[in-house]
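Chains: A, B, C, D, E and F, in written order; residue numbering restarts at 1 for each.
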């Protein structure tokens, strides 16, 4: 079974960033990978959570949600204390991924709030969220750069991007869309820096298992995709990044 | 104090509809009134709430939310049972407004779910939600028209639109944007049908009061604005509405 | 179909106030309109919500509930984070209505808590709540008058009362009881000051619509009823109000 | 220190019942013991909880609440999942106490809902609730007596009443009011049937301890008080009870 | 019907304490009474709840839970705001029982947190919790004895133990196990000090009633059992208690 | 810095299983890895969640919790709708890991509930939970083997075990205990089958990054540890596994 639209196994879907998509948040990026569309905003709050008060450093936290109409069959909103475990897991991943490249001491006593809201879902919403959130963080930090002791570059040591890879019909494929993701035997989400280091590798046999050889091949495939995503992030940011 | 951008007291902000904005929901409309942007989706669920089971008629319900980055200073998400009273009030208004023109018996045992999510807020998000939701409902009903005994027109007897009006600096003004709304002495939200009947009139003196004369003038102002909005809805729907 | 008990279209039900109904709250009024009975208490808390701390002004907030046995078929209590949207909407209305006549700066850093609990429901519970709450607020303020820089009159600029009106069988009627309210084609709640100014007008076609002419007639009908309610409030308060 | 109002150690406060206090619930009793006032309603629901479906027997459950203005300093309402442990404890006690005299098989597949809402609190609200609830249950059962195979007497084998006793200043006292309850070294709540059997004895040293001799004396004191309360219940019920 | 394992009516089940069962909590006791096993930990927190701040005294609070696998048929965990009334009732009892022998002023501004988690349930989990919690409190206080002005003995005036008694097949029995508890006509939980004073007596006819004579006999039976439990607590504590 | 207790980089902590630790759950295993102790129970419920009703297959789900006294400083219980994101993430991992080796169709319309409750925490609680849960699942399935069409082996295709690995002071280490985990630069959790296939690889640079070479070395280290754990599981299960 070939890929939808004749895409090659190691090809990304079209990737686009619309910066300054909304007016209030200093970082506001609409990122699309194929039909998956996520609005990533980054807001700067001039205080930190209780556990950091008085420590002279900042914090970065992320929240992730899906709009009810973003997926097939309407997704009910969280309410009244019900827990959507998948959303919790994803927002923790987004937060960890961005914190890996942020020097919280350079940020001062501020919190960066990242909100990733899925407008349209077609697979890869968590990786698109991370990829778009990085661009939003750069814009948010740029908006307060005069208040940062060593500028945006003092806070951000590297860029961050993420991609999914998986095994479908026995073939390793990059950047799965929904109908591939649904049928994948193995599913990896990989987060890396622009300089090629790993931040997070999460691989799971979906009610199945995988071999060491598959693990190696998938990680290679992801690394190639992330190099391309990093280029697209730079192109979108223009003069703002890298510094 | 003149209006922002030299707008006349009885002029609407630019109003635009993008239909089929997302891919999953059969009705999906991005409505913008000036800088206010709301995504209105309408989903059809093939069942009804418990209190209607077996009665041979359908239901229509609405939910309203603001994305965290849509407003100044980040709006916290609802969670863990906290009640955002304003959202509750607004979503009840949206539901009542649409039900006023929907013949639930003609809908059959189905629920129309309307979701209005504010992408960018600059005043008038509830009225833009109602205005956009009507267009989304038409598209959603069109997607199931072969299952409706008397087609879309059997379900929908009229169109619905809404607008805010208020008194600012002693002057009646149509379609308030945020900085006007914040300073308004009197604030009305008016919902009407395309044929000029009233569905809902909600007027409040914001920690103040108003006279009968002001009430009359504001209702007239709103009626004029809604006639223009109705035209814009028809233009956006093209051949689909009216039937 | 004539009105129950042969009541005239513009006649109120019997209206009574029992002040000092309970012992702890400084304002405690049992208000009855026909068979509808609401206990309105007003408590003074010597602090303000977080968003007002240090601003030298006070706050007024309201909560509304129905006792489980107050209505046909037992009303379940709110619990565990479930939202009763109607109660939320009503308590926001009560709060706004009273704040319209209260000078919060004159109140000092205090919160007036209004609690309206429905003992017996027969239509018009929200308007009876507002009407009774005003009397309770006067009594509560009187209990702290020595601490108010300009006395009770410094805080309260006017009285507040509310009434419902509606169209039943094509006839405009004042002060609907439950079986009328259930069948009303149009339903208005109107809040006005004792001096005849409007605070809030909320009119809705109950899954129907109404004309401008109906709107005008209903507002006139409400204004007449509120004048009578205002007299009854004054009579109940005796020397305490107006000052 | 003598008792307030010169009351004797073994004297009850004035006890009154107002039956049919509200119109909807078939049992609706306003019970007052001195300044303590509780509205007890009993509603009959024609179904049972899941764990009893199809077993041919009924259920009885109770809920207890305090109106916000019923006590000194305003009692916040439960909301958003917060647990008021004291209310939970009390409503479980009320339910157990009434179930002790109810033959659930004779009730059929129905649920008796008891709601005890405190209007004014001056000590002894849980015992007044039980005492009043019994009267409300009799009235509710009487309203469905034609549907009960052996009438009201088939369901209810005995009456139920409750009273508090305690040790204050070393003296055993019956039916404590709030200022006594607050200072009591030992505090008992006793629930008995009209025929003199015990249903529940709950005695606690309030951050203190008590002796076997005190236990015996307090139980005797309670038994005497309950005999008087039982007479008052009979007087209030007139021909309806006993059968 | 004789007791399981031929136990005598006034005999306890085998009672064992494993102190220092876990490593983090300063008091950590695995208590078993027959097949009932509860882990009781006591943690010292160097602050007090808001209502005690600045009053120079401490607090003691308890929480009780059952592990899902501890009982027949898996017990669902509490979540999302659902209230398990029985657990609430039990943890309030545990807290009151321990506070009866603790001098909170001697504790200083600290909170003793008691956690009783049922590992295996076979009747009497609440009384085993109290019995084990006392041992855990002694160990926790011993760990901070150098910070207590008058040592452990300054805080703890006496020991505490609890036991259940009941009437099964007309016979009074001590320390009921599950199959007895389930069938008991009368069920008492009694909490006493080591010196023979009562802290709490809770007796209930389980959907039945009991006589004064039964009450007396059951309290005697409990007092005898508690004397034996007190000895076992002393043996387990060795030199640490009494001081 | 050498490892605590002179442990070698590729050595596991002592690993023990106590089967049949509690009496009610058919699978009940106390697993300890060094000082980390987790109680894993597995209960069989004779029904499936709504989304599987009528599909002729079963389900397996897991819940994870920490007892309040299991960790330094007392861990507050979840309540009232608060979300502990870490617990959610862990219980989803446990569920996925076990489902990878379970044939849900062979299970029939039953749910396996796995509960992992941490008694004492010293690092690696999630991996110990998975390792112990497998043993509990074998025991639970054995208890119903006569109802399984192809016995326990029809349901379970392989065993499952998990271990953590990390980089501390630049050195790759197996099975981190708490003080190592806290300081690790890189932290992996690896889940594998007894036959050497991977189920899940989750690696994260803890606010840092890692190289491809580190990734490879850590995965090798984990695979070696899991082979040892698999042997210990077999030894603990004796004749019951493999079949």
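Here, a contact is a pair of C-beta atoms (placed from the backbone, for glycine too) under 8 Å apart; a residue touches a chain by one contact, two chains touch by 3 or more.
The structure presented is a predicted model; accordingly, all values stated were derived computationally and were not measured.
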Message = If you average the CA coordinates per chain, which chain's centre is most distant from that of subunit C?
response = F
Remark   = In terms of mean CA position, the chain most removed from subunit E is B
Inquiry  = With centres defined as the mean C-alpha position, give me the subunit A-subunit B separation in Å.
reply    = 33
Note = For the pair subunit A and subunit D, the C-alpha centroid-to-centroid distance in angstrom is 59
Ask   = Between subunit B and subunit D, what's the gap in Å when you average each chain's C-alpha atoms?
value = 51
Key: Interface hub residues of subunit E, defined as touching at least two other chains   = 79-81, 83
Note = In their shared complex, subunit D is touched by residues of subunit E numbered 80-81, 83, 85-86, 88-89, 91-92, 96, 99-100, 158, 193, 197-205, 207-212, 215-216, 219, 223
Note = Per the touch rule, the subunit A residues reaching subunit B in their complex are 22-25, 28, 35, 37, 39, 41-43, 45, 63, 65, 67-74, 77-81, 113, 115, 117, 119-122
